[in-house]
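Notes follow once the structure below has been shown.
For reference, chains read A, B, C and D in written order, and residue numbers begin at 1 within each chain.
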Amino acid sequence: MRQKVDINCDLGESYGHYKIGYDEQIMPHITSANIACGFHAGDPNIMAQTVTLAKKYKTAIGAHPGFPDIQGFGRREMKLSSEEVRNLVVYQIGALQAFTKASGMPLQHVKPHGALYNMAMKDALLAKAVVGGVEAVDSKLIVFTQTKSEMAKVAAKAGLRVAFEVFADRAYNSDGSLVSRAMAGSVIEDPKTVTKRAIEMVKERHVVAVDGKTIDLGEVDTICVHGDNLKAVALVRALRKGLEKAGITVTAVGKFV
Amino acid sequence: MRQKVDINCDLGESYGHYKIGYDEQIMPHITSANIACGFHAGDPNIMAQTVTLAKKYKTAIGAHPGFPDIQGFGRREMKLSSEEVRNLVVYQIGALQAFTKASGMPLQHVKPHGALYNMAMKDALLAKAVVGGVEAVDSKLIVFTQTKSEMAKVAAKAGLRVAFEVFADRAYNSDGSLVSRAMAGSVIEDPKTVTKRAIEMVKERHVVAVDGKTIDLGEVDTICVHGDNLKAVALVRALRKGLEKAGITVTAVGKFV
Amino acid sequence: MRQKVDINCDLGESYGHYKIGYDEQIMPHITSANIACGFHAGDPNIMAQTVTLAKKYKTAIGAHPGFPDIQGFGRREMKLSSEEVRNLVVYQIGALQAFTKASGMPLQHVKPHGALYNMAMKDALLAKAVVGGVEAVDSKLIVFTQTKSEMAKVAAKAGLRVAFEVFADRAYNSDGSLVSRAMAGSVIEDPKTVTKRAIEMVKERHVVAVDGKTIDLGEVDTICVHGDNLKAVALVRALRKGLEKAGITVTAVGKFV
Amino acid sequence: MRQKVDINCDLGESYGHYKIGYDEQIMPHITSANIACGFHAGDPNIMAQTVTLAKKYKTAIGAHPGFPDIQGFGRREMKLSSEEVRNLVVYQIGALQAFTKASGMPLQHVKPHGALYNMAMKDALLAKAVVGGVEAVDSKLIVFTQTKSEMAKVAAKAGLRVAFEVFADRAYNSDGSLVSRAMAGSVIEDPKTVTKRAIEMVKERHVVAVDGKTIDLGEVDTICVHGDNLKAVALVRALRKGLEKAGITVTAVGKFV
């Protein structure tokens, strides 16, 4: 069983005068940064700064494309054609790639954002559009998604590398989906519990769902964390230390997937 | 004296449901297409279509970055910092480059749009910001501008290749600037007159200004034309034929600059 | 049976440099203008011009609010909360009302645009949000919708006046819905046929569906027409003359609903 | 000498998921709220919430229109035509007025934001465009500006009521302008000093500039304060108490101008 895992976080989600996220604080502790590309969040200046920050801490960079909806932060479902989705993925990857190129950094992966991520997990047509966009730009890019999702199937079929992500700080339903944030107990805040779950996820490839059932996670490549508050940042520090103490190598997914 | 010239035109300036320009009609007759990148005009779908169209006619492709102002079509001056200008240039070039890469086409040049073009011609600081953005992405890109402009000086100093553009269908003031469109006679519509002027511009490197004075144009690499009405398209066909008849090779600027 | 009908058309859907619609040509022939409010189309300048044009021809004015999506022309479904929908309706009505007030014109009605119109016809919750927005600003505003729709029910329940609209140039399915534009024969272009259908709709309150079945239209208050091409404009002229010749008074819906 | 003064603050400047400003904390302590209208900040939902909050604390409401530039927070100069400026002012006032109407609150005033405010202070043509927009919607609205500005002259000439504003927490140059925020000592943070200055401003109509010269402020109707951090909120509480202790009535400007 592989003893390696990546830690990924959404970053660069500020916009102009509006600041969100403790990017400076979280960057040193993660191994893959999903950088917003200006459609749901981020702008050219924020992107430049975030790429510079990632370079400073040698964090691998991924594009984090979303729906064109700053006001809704890319969390509102939009019904776009496959053509439209493919092209907005191409556009956003390209925009970020110009900044990574300018910094001499490679682009490692693509992780769709918010409603686009969720919809593409379930909708094969949409997944094909997203994967088509990724392939069009660079077929060496790794796609982040959850195991058993349409995205995972479509990306694998297209011959793209896939990184399977898990959520150590979120409760799971027994069908493998995440318990809605609206439910009590959906988010786990205790660093020890989260770390314990993460170690189990990486080493055993399973997690215990809210109904007590043990779920097989298939492959586990990257743990998704958050950096939007200081408590979350502290949790990530603890999580990383805990993983390393348990003999797991925390490293960018591009090195082992 | 070199007997070669490029013909460039702004294209891909439609937006969503809104159509502008006879892109299909003009593309076969030009050698360099300046494609809008989504900030002043264009969107990911229009960009994809326009790149495909350029590929069909083997027209060389350039990025046409503008201010973030669809409503003003990038023609309204905005006072941005050097950092902001550099980054919006990087972003827009990158976005277009993803589409050219997806089509297996190279990116030949960058021509700023509207207010950004005009301001960078006169303002050395702004010119530096634009050139900095181009360099950051790819120092092999050719910069389009007018002779004696700040852009020309800054780009040359940075070691970038520069293509000097002329306007065969526009009257010139004796200081080398264009007569304002608000003035009668500022735009020349007769295909024969335009062709005659263009030939003189390419072969003699000069043009006669409105006050009768002959102006030295320095170098002449590319002629800017328009495709926003069918008359303009007919003019370009006539112009190209006239140039070729006069022994001038009409070819993409990347082949000779 | 009432022998009066209104003719309504979407107008003011240009945006900045982008022109759509023959507003000047169509305005004299209609009695109610649905003016875009800047979210799916239109901008403050276009709104000012369109209100001035409506005033010139004494055409009644309505707000035409849409989803915040210029690129998609408000035709792409977006999943917004009731709160968001209510507020975007309030906002857009208010913005237009400032221009009508400045012109000394009253605001007669509200007709949602595109995806918002279609979704609110079927979704009671969304219809409530739209109606809630209208009521919040002015409970004397008339709501345009189709008979038997959720919008019609919700608006009536709220005590708002409703204008039922029909589409004389569109084929109907036997369930009262419009035949998709993707189907052959969905749009009727012959002025005589359209006029004949319109007269029947107004006088008999029914229309013959594509399968030959006669559909009861309930009430018929306003006929929706289009002004996006010159043929459409000619059709509207013919339609209006035909209606008047048949003894039907063509007048703004606010005068009789 | 009048012993009354208003305290105004910019509010409702959040945008979608992005939060700025301690609106809840500051609202009880001010008498006039300048609410962003969706062009430089704010969106329909934020506007609805901010109007509700103002109603709760009986704070008078003003429109705070800005340039169409969320990314630049309305602080970047844009060169628009008079027509464009007039219309964007009309639009934004109307949009906010729909929310105040829905809440049964009157609209008291208009205070342009950021670059629009600063430019209209110095540029008579721009000031005319702004004032023209205000007048077009409602000539009873009060215009906020600084004494001796072009805005003040133009608004007075148009017969509009003007509220002259001062900045108790900012250092003044001897020509009456504010010391640039880039200079040390430009912002005064000590509540006692700010309160002392404010009392002097209201009672004596003057302030001591950085070079020691005493400047005549002409009329003083409203003191501009900030609510973007908790220290600023505390300062406003202290300021209001200090003014009242000094026998000055703190009340909305609409009651005495």
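Here, a residue touches a chain if its C-beta (ideal position, glycine included) is under 8 Å from a C-beta of that chain, and two chains touch if they have at least 3 such contacts.
Since the model is a prediction, treat every value here as computed from it, not as a measurement.
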Minimum number of chain-to-chain touching steps separating chain A from chain C: 1
Type of chain B:chain C copy interface by residue overlap (half), same or different: same
Chain A and chain B, separation of their C-alpha mean positions in angstrom: 40
Between chain B and chain D, centroid-to-centroid distance (C-alpha), Å: 44
Interface hub residues of chain B, defined as touching at least two other chains: 71-72
Chain D - residues contacting chain A, complex: 15-18, 20, 41, 43, 70-73, 75
Chain C-facing residues of chain D, complex: 38, 44-45, 47-48, 83-84, 86-88, 90-99, 101-102, 136-138
Complex contacts: residues of chain D adjacent to chain B: 68-69, 71-72, 76-80, 115
